[in-house]
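Presented sequentially are two complexes of subunit A, the first with subunit B as partner and the second with subunit C.
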Partner chain A sequence: MGYGVFICHCGQNIAGTIDIEKLVRKVSGIRGVTHVEDYIFMCSDPGQERIKKAIKEKNLEGIVVAACSPSLHEETFRKAAESVGLNPYLVEIANIREWSAWPHQAEPEEATMKAFKIIESTVEKLNGDKPLEPLRLEVVRRVMVIGGGIAGIQAALDVAEAGIEVILVERSPSIGGRMAQLSETFPTLDCPQCILTPKMTSVAHHPLVKLLAYSEVEEVSGSAGNFKVKVRRKPTYVDWNKCVGCGLCMEACPVELPSEFEMGLAHRKAIYIQFPQAVPNKAVIDSENCIRMKYGRGCGLCAQKCPANAITFEDNGKAEEYDVGAIIVATGLEVMDKANFAEYGAGELKDVLTGLEFERMLAPSGPTGGKVVRPSDGRVPKEVVFIQCVGSRDPENWNPYCSKICCMYTAKQALLYKHAVPGGQAYIFYIDIRADGKGYEEFIHRAMAEEGVIYLRGRVGRVYQEGDKLRVEGVDTISGLKIVIDADMVVLATAAVPSSGVEELAKKLRIQLGEGGWLKEAHLKLRPLETLTSGVFIAGAAQYPKDITDTVSQASGAAAKAVAFLSKGYVVREPLIAVVNEDICSGCGNCEEACSYQAIKVVDGKANVDESLCEGCGSCTAACPSGAVQLKNYDKRQIIKMVESIVG
Partner chain B sequence: MGEFKPVIVGFLCRWCASAAADLAGTSRLQYPATIRPIRVNCSSMVDPAYILRALLEGADGVLVGACHPGDCHYVDGNLKERRRIAVIKNTLGKLGLQPERVRFEYISTSEGLKFAKVAEEFTRQIRKLGPNPLRGGFDD
Partner chain C sequence: MQLVIWRSKIHSPEVEKIIELSGQNVYSCYQCGMCTASCPSTGNMDIPPNMIVRLIQIGMIGKVLDSRSIWVCTSCFTCFAECPKGIDIASLTEALRLYHLRRNIDHLNLSSIPHGELLELPVIAMVGALRKFTA
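On to the complex of A and B.
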């Protein structure tokens, strides 16, 4: 009978500061405590055995373990107690290590007093605790993947191959993402169209994948295993059931706009298919720029040419709701705009390109058909300077982090340029060369030794127009010499940054962003594919810049996590949620207003908690004027008692 | 009379301030042993009644540690609590208790240093205010 308190020495970590003997004496005097025991390591097997033995022999009704933070061993001690028949919710942790022994090493007496107060108030809490059973909630066996780049495609394919339905949401008219924009991929020099397009087709045609292109996540509610996601299907003004992707509409359209896919190096029309290999291969109307849409009449040339009568000009946008058990976020990256960099022409110099723009120029299907030419005059550049770390590894001005992919793609671009322009010279300004993947170091070596790319270690201070050349002024920190190159073209490896809009999406999903706006993982080393919100996983460069190899590995990992999460068929949730005492509930509805999850609602004059939605924050309990809503094992009397004992 | 040793009740959100206190300990940051912590699920479950009770029991100060705006594990519990604290402070003034005895702070999981600094600063502030006049309870 009564409660047991088990005080851990944690070697010298606790016992080095806290007077254990005195603490045991004081704790023995707490009302209701019938057993007190101290031991060098409570979490060790012999320590746990002591706890189990005492629970059995003394028939303890509940225990407090005074040790380290509950984030470390709460589960350990709960399991130990459960194994001898004590309900795990009658196990409380008093954190006397992180909260007392460690931060008050110079004040042992005060630390001992504080440890006692923490234990005393925890016993008060235990006094009001009731045995509880974890909630088991059925899961919806369906996964939503947000983002249709290579990460999202791979994750969707893996989940579908495991026999689970997938909803793949992509905000652009086509899937494919950044990878679809690349010329060739390092270190193998595969053409992305050759290796990506088959995957795009497989995912779009997979019987278990529903592809929602040109759509965005609008609202997310519910929780792990039972999310409800509202998706906005953006209006295409074209009936996709009829559109065959022939492209005649694009030929007819008189409006020319810079193409996003071609990074502004070519035009697209106001009605367009994102790129030739687009999946789905369907046209959309850019309503802000279409003459007919803007003025409500006139033009209509595209509709006249369309052999399928697919162009309706009608707003066919709509909202759809999907029930899913898990969500994989694969929103990827973009690169910084060159206009940010005044020292490199602030985007005004036509022959200064970003790496991604140059990538389009190198692509055989790109705006120049794979020919390297200067945007200013169409001449073939004889000397090209590549500048790495533009906006990366620059904590004073821009991002402190390394964008990770630039060393490799710059080497690749320099090499491809040398192939495209025999006799041309490529220079690369770098800080350090980071080539830490399979075959990467060899690739850099090939660029240097076999292709004759000249590497210069140092930063470039300034790029400016000098006649029809771009004068590049830099320093080679190895020779210590100032370097001036009159180049025909300059390519900036601008920093990778998270995709626009990820901040709003993270808010909707209740997941966190870390430094630089990258999605925050549950643990950088040990849980890199999960977020702190159960049931939401991360794939690809949304977490941090990654090359295709790493992105695909992580996407498969996230898919495996999501599949494992749903495979049991249910999720176990902590039962520490709100409960209503209907006898005293007046139905005022304050709780309803305080709840951020729509988990508590007044029905027939009484508040009612939806157990599948309640997250257990306790916000409603503070809003309830009569104490009718309480949090299980955290009710108001318990906390008041805790306050009284901790102050007293 | 001995030296004034303030007693401060700290309601710490388990997702941030409580973890920050863990981190402060793990990092061996030293701060005064004045804060007596109570871990709560979310700052928004801290009923004004708990704060008043702490003061009526004689606590010299009350700290509520919440997640930064936008980081709340429960969407916006921190902002709800911030509003409540504003009301409580206003009421305390009218009851003749210094509102400075109640403090609301955003402290994230990674801000062990901030936790230690807040503990130190708040303790200094409470020392300046002196003991809670209600300490020792009401005389009948």
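On to the complex of A and C.
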């Protein structure tokens, strides 16, 4: 009978600050507590055994584990309790580590008092807790993958190989993402054509994958296991069932526009196939720039040349709805525009390129056929300066974070430049070299020792035109010298940023963005592939800049998570959700407005909770003027009791 | 101080010669500073060993050739033993000295040493000081 309190030392993490003996003594005096026990690691097997034993032997009605954050081990202790017949919702965590031991290391006495107060108030909460049963809902065995870069492709393939249908949504005309734009890939220098193109083809032809290219997610409703996703198929004005990708239309089209794929270093036409290896290899019309589309008549040269009669000029855009059980978000990254950097010419110096532009220049299939030449005059640059951390590690002006991939791709680009221009000299301005992958440090060594790339430690203050050279004013903080180089070309490793539009997408999916706009994971260390919205997973660079190795590993991980999630056939949801006391509810609708999950709606004058949607965040309970909406086991009365016990 | 660099300055004939004489790849140095940290003679040097390598990397060979450090180095090889990139810095300083010697530039002017002291000096010390041919 009564409650048990289990105090964890967490090695020295808690016991190093808090006087455990004193705490045990004080906790024993709390009304209703019949058993108190401390142990070095409660989460360990022997620790859990102690809890189980006490529950059984003392017939405990509820327990408080005073330990670390519930996000770490609440589930562990709930499971332990459940295994000996105690309802898991009668297990509470008192977080005395993050809330007391860690922040109050310098004042152990107060920390001990605070830990006591935390435990005391948690016992109060336990007093009001009711045993609950988890909710069970059927799932749809189909996964949607959003974003067709290498992350999305890998995730789609893995899910499909597990025998589960996949809907792969890509907003560009072709899948492939950034990787399709790369020249060769560090550290092995494989070309994307060799290693990516086959994967693009297999995913497009997989019998269980439905590829929706040139499409975007418009609306998402439902919840884990039962999402309804409305996808907008953008108008291509070309009948893709007929288009064979021969490209004759592109030859005929007279309108030239900067190619997005070639980073503006080459032209595309108003009707175009994104790149030669595009999957699907189909043409789309850029309706804003097509003469026929703009004026409603005229031109039409493409249609005359098309041997398949595929070009219709008809708006064939449409909305489609898909039921899916899980969603994997793999929207990837972009790089910052060089126009942002006034100190480096604000995008107006022709021979200053971004890293991604330089990738296209180095690519054998790129706008120069792999030749490195100055955009301004076509001359081969003999001195090339690479600048790292442009917009990264710059909390005052741009992004505080490290973009993670630039150290490696800059080394790669300098090395490939040396291969392309054997007599040339490459310089890299860097702050630190971060080469933390398999074979990466060796790769940097190769760039330095074998290719003679000169690494200069420091930032560059200014780049400006000086005759036909670009004067680079930087520093080498190792020698303490200001360094001036008259370069022929400058390459900026501009910061990686999340793909445009990810904010709106996140809102539709009801998932969160963290700092810098990267997708936020449920727990950085322990649940990096999940979001806080159950059933929605993340893969690839959308979470944080990553190289291909990490992207692919994470994509396979996310796929495995999605498959595991669906393979049970049903989902179990936390019952800690909102309930409405209809006797008090006046149907004012404040809760409906407060809810981010569209989980509470006023029906016939009373608020009604959709159990499959409610995430138990509690916004509605705060918005309710009468207290009619309460969160199960987080009842207002419980909270007041807790506060009273702390201040009383 | 400001330094203007370009390819042929970095790879000047002097630099190439030093690299050839020493047989060392200075470009593999990533400036960890282990050589300086372990060198027993840095206290008497004007340029520490890691900076010697750095200055050669960025083409400032003149400053290195003019330094005291290359004559202070006793070629004890601690730097080489400790260098994680396997650069034999003692051989580098030897090459720097050789560079002077091959151009018949003496580091020490014998006639400036008082006669009495000269008589006291062991011959080996004199040869050592003159030629530093110790590597």
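Operating definition for what follows: the second predicted complex is superposed on the first by the 439 of 648 C-alpha atoms of A that agree within 3 Å, B and C clash if a C-alpha of one lies under 4 Å from a C-alpha of the other, contacts with A are read in each partner's own complex, and residues count from 1 in each chain.
The rule is short, and it goes like this: contacts are C-beta pairs under 8 Å (C-beta built on N, C-alpha and C of every residue); 3 or more make two chains touch, one makes a residue touch a chain.
None of these values were measured; they are calculated from a predicted model.
Student: Regarding the shared-chain residue A:Glu592, is it in contact with subunit B (first), subunit C (second), both, or neither?
Tutor: neither
Student: Tell me the contact category for A:Glu216 with respect to subunit B and subunit C: first, second, both or neither.
Tutor: Neither partner.
Student: With both complexes overlaid on chain A, does A:Asp486 touch subunit B (first), subunit C (second), both or neither?
Tutor: Touch status of A:Asp486: second partner only.
Student: In the overlaid three-chain picture, which partner chain does A:Gln105 touch, first (subunit B) or second (subunit C), both, or neither?
Tutor: In the superposition, A:Gln105 touches subunit B alone.
Student: So, does A:Glu161 touch the first partner subunit B, the second partner subunit C, both, or neither?
Tutor: Neither partner.
Student: Report for A:Met448: first if it touches subunit B alone, second if subunit C alone, otherwise both or neither.
Tutor: second
Student: Which holds for A:Arg457: it touches subunit B only (first), subunit C only (second), both, or neither?
Tutor: second
Student: Please tell me which partner, subunit B or subunit C, touches more residues of subunit A.
Tutor: Counted on subunit A, the partner with more touching residues turns out to be B.
Student: In the complex of these two chains, what residues of subunit A are touching subunit C?
Tutor: 382-383, 423-425, 427, 433, 444-445, 448-449, 452-457, 476, 478-486
Student: State the interface residues of subunit C toward subunit A in the complex, per the touch definition above.
Tutor: Going by the criterion above, the answer is residues 1-7, 10-11, 25, 27-28, 30-31, 51, 54-55, 57-58, 60, 85.
Student: Taking the complex as given, what residues does subunit B use to touch subunit A?
Tutor: Going by the criterion above, the answer is residues 5, 7, 9, 19, 21-26, 28-33, 36-42, 44-50, 53-54, 57-59, 70-71, 73-77, 80-81, 84, 116.
Student: Contact residues on subunit A for subunit B in the complex?
Tutor: Per the stated touch rule, the residues are 69-71, 95, 97-107, 110-111, 113-114, 117-118, 121, 507, 510, 512, 532, 576, 594, 596-597, 615-619, 621-622, 631, 634, 636, 639-640, 642-644, 646-648.
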